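One chain, subunit A, appears in both complexes that follow, with subunit B as partner in the first and subunit C in the second.
And now, the complex of A and B:
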């Protein structure tokens, strides 16, 4: 069974939601305190949403110094699956595990609500089960979600097919409508939307399942994806 | 009481504890007329939160509060600390806070100060609530000139706990330690309950000087405090726990000691301070936020210290529980002693109960307003409605700009979020037993009706709440209320309060509902003018089985649109009621009498609608596509809201303008592709059904109104954004 660690920083608040999505898909999910330095035994690590260390200074700016982050860099370098959702994405960029940064939304308010996305690359552990061009409605929930990077980084993201999700209608001023990216190897992904909040039509959308199933490496029965597609 | 003159410190303690805000000295005499019991009530009014048994081993705690005056002075921090305070009230009971709602009342938005207040309050709720990790799932937004000088910021919180973990804020066991958890204590909010909450506003420069009495919030501290306290309770490491809110440490120590019938020694030197040179009265009455008091046995103290260290929460022993003293006449009296060092001199020594429970009880003079009969006589019902299309478009306001700033989905429970009739959550959360039940919440108010007739107005407000719950399939189980009124020294205000309590009591009995908590906010006035009476009613309801979402506002082309509930025919002698309605207010017509309420008809209609929707929630195949209650703005607004949400029009030509805007209780718009089935079942339940028309097309053609759906939807979505000048 796939074993996932969900990191808790003081101030994280989506850890239960991330863990429940993982267990619903058949994985085991353990909480990993931010002072932990040993991530051996995990197949994947999730940095959940929230406000790590209060988001003081800048989202993710303090969390990158939490002891777990050194171990996470080694884990990612060894090919382990890493998923940063919302605040987790901000932490990954601050820690340099993903390029670019997340700025305040252009309207300078917090925005929350279901948001249509388009899958623009299937070359990541998160989108490998999805179809190129597939439309997914997944909630966003952030104040600092406008992805930004310098031109060289942007060119390299495009060239490497690393922009995995774009907003259909840009809600926050993100560069090139970017909602989520992957590293070049495809095993470290970050996105501002919350796929764990889109697990059930009872709660409005089940479109997050195709992403999280992909992350867990689950094959789709009769689905459109290609489970082995991580070139 | 003391048998001697109190010293300066003791006077300061009584000063805050006997303030209107803490002691309810003007309202207690009336509040005891409310019904408070039912078999499912575990904790009624008077504790930090009311608690009911929701079934499946789960208890639900709920509380409503006001943070009106701090928010008027400093909107961001006022609203933020309002959220923080109510969360502590709920997790004090051992419950994890799962949902917040915010009823907000401002003056009209053509005034720049009101726009500043709205943006500040909303961003304060958003900034604190989102960060602390509790979803904000609904509320209310009202603009009326009556709030121009004194906005209202109310906040409701509901939480859940395994029923066996219920804890009360009680100190017991002499020798046990009083441990202060969380933030350091500073000079912020000193005397907030007396300076701010128990006096009105005026144009003088004094109000700016009140700003230092507003507390400053730190949601990150609160988040760690929640997690640490819930873990303390989970592991059985605390005997009792109490939040520090209004009146700070003196309130928490005296209340826990009074409830436990014990005494407490508090060392002011042991309290970690934010700044040097604080006087003992400042330490005892500071309202610094994000603090809790836990009662811990000496054996458990090391484990508590370690747990708090892990969550980076400061924990300090600031007091000891001591045995009560026995008076010469054999009574036992728990004394609160403030000391300078645990073995040092006693700075203050007063019976804990005298602070917490023995404030003076006022029966203030009451007076029916002299001009009430003249106001009642000036009834707008029967007025000519000259331009119903323009009137309707102006009445439409989508609050999405507000709730898009709130995290409404955390914990994966939100089935129906903000902006609908009521919020509906799965009854689930970390650490709770599994359940398929749903928890529904709504807050309602109608100051327009309450201004004309407070007794009837509050009853109509409660009926509206019951109707809102029915729209999401829920049956009401308990009531909380936040009574926002003017200056109690004005006899007309006390009359309004007394009438409101009687009206609420009558309506609760009619719907068989217990009141399990409440808050009274007085002195809502500016320059001598009181606000209109504004009782805010919070209702908690349950859905037996929640596996599918309720129909909501989603009719399909071809569906038949029905009006469920009492129809009234206008006659020459009795036109349809417009008094206190939004149409009348829009035209400056603020007189008349609100419509009478037929409790039996309202309860029958609510019961019928709730059962129809509950069947959908339980997974039954459904023919219902839309269910929405008819409330502010009448049938016209209800139909326009569904048309805006779906983008699908409606043709209901056979309606008159008064029928469009008239407001009276117990009515619902229901859309279905099996209208005959609805009619038959309604008839069995003794509920009237009238066919209004058919959904479909791109025109909103309702009686004399015939406009493009696209225009209706655009006017609704732009109204607030344009008024605030916040177009993206």
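And now, the complex of A and C:
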């Protein structure tokens, strides 16, 4: 069974949603306190949404120095699955595990609501089950979600097919409508939208499933499938 | 010796500054004419104990670039503070 660690920083607040989505898809999910330095035994690590360390200074700026981040860098370098959602994406950029930065939204307002996205690369663990051009409606919920990077970084993201999700209608001023990116290897992904909150049509959308099933390496049918595709 | 220092953090040129832009748009309504190129930033003040000023500035520079600013989008400069 695929074993996922969900990191909790002081101020994280989406850890239960993330863990619940993982268990619903047949994985086991453990909470990992941010002082943990041993991530062996996990197939994947999720940095959930919230306000790690109160978002003081900048979102992710202090979380980057949490003890778990050193272990996470090693875990990622060894090919482990790493998913940063919203605040987790901000932490991954501050830590240098993903390029660029997340800036305050263009309108300087906290924005929240179901948001149409387009899958623009399937070259990542998060989007490998999705179709290129597939439209997904997934909630966003952030104040600092405008993805920013310099021209050289942007060109390398494009050249490496690393822009995995774009907004259909840009809500926050992010560069080139970017909603999510992956590292070059495809095993470290970050996105501002919350796929773990789009698990059921009863609650508005089940479009997060195709992403999280991909993350777990599940078959396209979904459910508690065979995670063997991870190997 | 104790050296009071100041670190100014501002967005790098070319990086959109929604705070600065919003402030600039508000100014005419408040009666301030002729103000342009508003950039918002942050200032950090602290004291550094070091052997000499150069060492204090070096420590503050490292601190400014490693923690107080995000070099991807921000510039940080260190200057003397007032004791």
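Convention: the second predicted complex is superposed on the first by the 220 of 231 C-alpha atoms of A that agree within 3 Å, B and C clash if a C-alpha of one lies under 4 Å from a C-alpha of the other, contacts with A are read in each partner's own complex, and residues count from 1 in each chain.
FYI, a residue touches a chain if its C-beta (ideal position, glycine included) is under 8 Å from a C-beta of that chain, and two chains touch if they have at least 3 such contacts.
Please read these numbers as outputs of a predicted model, since none were measured by experiment.
Q: Tell me which of subunit B and subunit C touches more residues of subunit A.
A: Comparing subunit B with subunit C, the partner touching more subunit A residues is B.
Q: Should A:196 be classified as contacting the first partner (subunit B), the second (subunit C), both, or neither?
A: A:196 contacts subunit B only, not subunit C.
Q: Which partner does A:144 reach: the first (subunit B), the second (subunit C), both, or neither?
A: So A:144 meets neither subunit B nor subunit C here.
Q: Once the structures are superposed on A, label A:61 by its partner contacts, choosing first (subunit B), second (subunit C), both or neither.
A: second
Q: Let me test your reading of the model: by the given contact rule, A:121 touches which partner, first (subunit B), second (subunit C), both or neither?
A: In the superposition, A:121 contacts neither subunit B nor subunit C.
Q: Contact-wise, after the overlay, does A:107 reach subunit B, subunit C, both or neither (first, second, both, neither)?
A: It touches subunit B and subunit C both.
Q: Look at A:94 in the shared chain and tell me whether it touches subunit B only, subunit C only, both, or neither; answer first, second, both or neither.
A: Second partner only, subunit C.
Q: Considering each complex separately, which residues of subunit A are in contact with subunit B in the first and with subunit C in the second?
A: The answer is residues 106-107 of subunit A.
Q: Inside the complex, what are the residues of subunit A that reach subunit B?
A: 10-11, 13-14, 16-17, 20-21, 33, 50-51, 53-56, 106-107, 109-113, 139, 141, 143, 194, 196-197, 199-204
Q: Show me the residue ranges of subunit A that touch subunit C in the complex, using the header's touch definition.
A: By the definition above, subunit A touches subunit C via 57-58, 61, 65, 93-94, 99-101, 103-108, 146, 148-150, 173.
Q: Please output the residues of subunit C touching subunit A within their complex, sorted ascending.
A: Touching subunit A from subunit C are residues 15-16, 18-19, 22, 67-68, 70, 72-73.
Q: Using the touch definition up top, name the residues of subunit B that touch subunit A in the complex.
A: 123, 126-127, 130-133, 218-220, 223-224, 310-312, 403-415, 426, 430, 546-549, 726, 728
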